[in-house]
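Have a look at the structure that comes next, please.
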Amino acid sequence: MTETTAPGAVSFCLRLLRRQLTLAIRRPVAVGNPLLFFAMVVALFPLGIGPAPETLAGFAPGILWIVALLSNLLSADGIFRSDFDDGSLEQLLLAPQPLYLSVLAYVAAHWLVTGVLLALVSPLFAAMLDLPVVAWPSLAAGLFLGSGVMSLVGGIGAALTVGLRRGGMLISLLILPFYMPVLIFGTATVQAALDGAPVQPFLALLGSMLCLSIALAPLAISAGLRISVDA
Amino acid sequence: MWTLFHKFGSPPWLYRLSGSILRWLLPISLLALAMGVGWGLLFTAPDFRQGNSYRIIYIHVPAAVVALAGYYVMAIAGGISLIWKMKMADVAMHAAAPVGAALTFIALLTGAVWGKPTWGTWWVWDARITSMLILLFLYLGVMALYEAFDNKAAAARACAILSLVGTVNIPIIYKSVDWWYSLHQPASIKFTGESTIDPSMLYPLLLSIIAFYALFTCCLLANMRAEILQRERRTGWVQRLASENH
Amino acid sequence: MSITSGCDGLLLQCSALTLVRGERELFSGLDVSLRPGEVLQVEGENGAGKTSLLRVLAGLARYGYEGEITRPVPLLYIGHLSAVKELLTPRENLAWHVDGHADYRDSDVCAALAKVGLAGYEDVPSHQLSAGQHRRVNLARLHLSRQPLWLLDEPFTAIDRDGVASLEHLFVSHAKRGGAVVLTSHQPLRMEYPLTRLMLRAGGDL
């Protein structure tokens, strides 16, 4: 019986990803909620600042990015919540595979069902706010990269607050400041596309932030999870 | 060297050391503060453009500089407590947060007071003010996280992680806010360009920066002493200390 | 065939373990060493620190204790929480288990579920199962386990009498194969096997 060894880190990571995605698909409402939230908040802006197309188009990059940020923020709390509640998290911490890759799988699953999905449907909401078509691809590409950063940073907040009963509001206070660079360069991407300027530098900046977050955020997430399980 | 490091982990030793440091550092820092601020407010020439209102820099700039440094003090203390499991580093981290937050708040408040005569408005979304505001949020986040945990040892570790994440992010946030401001900067309130400062204005400023550093250290130590007593209230040496002072 | 043929000697060792919770010392100077074939029952009243001890031994609690712990072999920990996902079937719960110890064959998973009395429930979503059945899904991991060391916190909770007997049988066969078991339990075990006992008293002395 000794010959059966534990799965390698990468295959375990893929198994976790598959598990998390299956869980997400089995509860489609949870996948739909961030999108619905996004749609509803986007609908609030014309009511708040007036329906004039030129006004809306001017604010559209900022609105779309801020709402994407909020919907990501609200769903980030759930990355580890159910696994903490049912005891899966303590089992994960005892797994022989490196926790670094395991938490990356959790965050990747969250990114796929919130950020990537939102990036894919973002042109729809861009149209509702009269954002010119020329800026749609850069909006989607920016959201695609930026939401990865937001999921990773959100994962840090989630890991630190998962053990707390009243974590919901706290996580926003902890991680919103860290979202600001993403917001700045995300809206700048859309603005550059609107002005006819090259968008690649901004996408490259968002991409490098994503790389930095992939490298460092799992360390903080792992440490945060160990603290939360131990608390 | 290593034994010295271990001594810092001993609460009674640290309590006594901080007490003797405070005894001479506090008068010195108050004196330096009085000299720096007094010199700046009373004896330097008024600015040719801003008149006397610029004098608030003798409080604003030191508060801002030390507030930022305070975050790094907090994060380094947090890192030490995580790596070496040193409880006194926890204490230092937790003690630094409110002092740093207060300094950040002072910097924001004096910035607003300065902004009114200079720009005609209390608040401008200038790069530096925005960065200070974000720094305040970071401090408040750490403090809120600490309060949220019932288990204070876990709270300290969680805050250490958060402040370390903050140190990685602060340069990125500052750079991006700087860049964002240069993109949106309205032409009417352009202040960048070479900002030369006359030596007669600079020396009192440097003195008050040093004074603020010293004052920060004093507040930090005083805060730490209070927390050490709180944590060690059931141990023999604190009981003895309490009975001696009665 | 022994599951610990590769490592002779100790499966777990802790020395001079002192555990403090809040401002209360649960126990101090505790030495535990576990050899292949040993079953250790940790006893004590509620609040004596049984769960805390197990979490420290497992490596989940990494602060708040003093002492040296060495864990030379992989371990399986079962705590109060069942780690069963309501949205997954028992089969998926075991095959994709987050403890990451082995890629189990589907036939092994089904056999393990049958052994805990869940044959026929392999593909029922777990939210349709009772709490006791969740527990049994979790205990099915013992049948699949290749880890030499088991740390089990109240394994008999919500298990009926037959289940208890078969678990006891499982512990004995695990020990006979060269494994070791640490378990906490309120009730006395009725096993035909020499037990080591550790009594934790709320005062701190052993």
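Letters A, B and C mark the chains as written, and numbering starts fresh at 1 in each.
Going forward, a residue touches a chain if its C-beta (ideal position, glycine included) is under 8 Å from a C-beta of that chain, and two chains touch if they have at least 3 such contacts.
Computed from a prediction, not measured in an experiment: that's the story for all the values here.
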Margin query: Of the chain pairs A-B and B-C, which one is connected by the greater count of C-beta contacts?
Written below: A-B
Next item on the list: Among all other chains, pick the one whose mean CA position is farthest from the mean CA position of chain C.
Entry: B
Next item on the list: Would you mind pulling out the distance in Å between where the CA atoms of chain A average out and where those of chain C do?
Entry: 36
Notebook entry, point to check: Where the centres are mean C-alpha positions, what is the separation of chain A from chain B, in Å?
Noted result: 32
Next item on the list: Averaged over CA atoms, how far is the centre of chain B from the centre of chain C? Could you give it in whole Å?
Entry: 49
Next item on the list: Mind pulling the residue numbers of chain B that touch at least two other chains?
Entry: 154, 157
Next item on the list: Please list all residues of chain A that touch 2 or more other chains.
Entry: 230
Item checked: Residues of chain C whose C-beta touches two or more other chains -> 63-64
Next item on the list: Under the touch definition given earlier, write down the residues of chain B that touch chain A in their complex.
Entry: 82, 134, 137-138, 140-141, 144-145, 148-151, 154, 157-158, 161-162, 164-166, 168-169, 172-173, 175-177, 179-180, 183
Margin query: Looking at the complex, which residues from chain A come into contact with chain B?
Written below: 156, 160-161, 163-164, 166-167, 170, 173-174, 176-178, 180-181, 184-185, 188, 209, 216, 220, 223-224, 227-228, 230-231
Checklist line | Footprint of chain A on chain C - complex, ascending | finding: 1, 3, 5-6, 58-64, 74-75, 77, 79-88, 92, 96-103, 146
Margin query: For the complex, give me every residue of chain C touching chain B.
Written below: 23, 63-64
Check: What part of chain A is in contact with chain C in the complex they form?
Finding: 1-2, 4-7, 11-12, 15-16, 18-19, 22-23, 26-27, 82-83, 85-97, 102, 226, 229-230
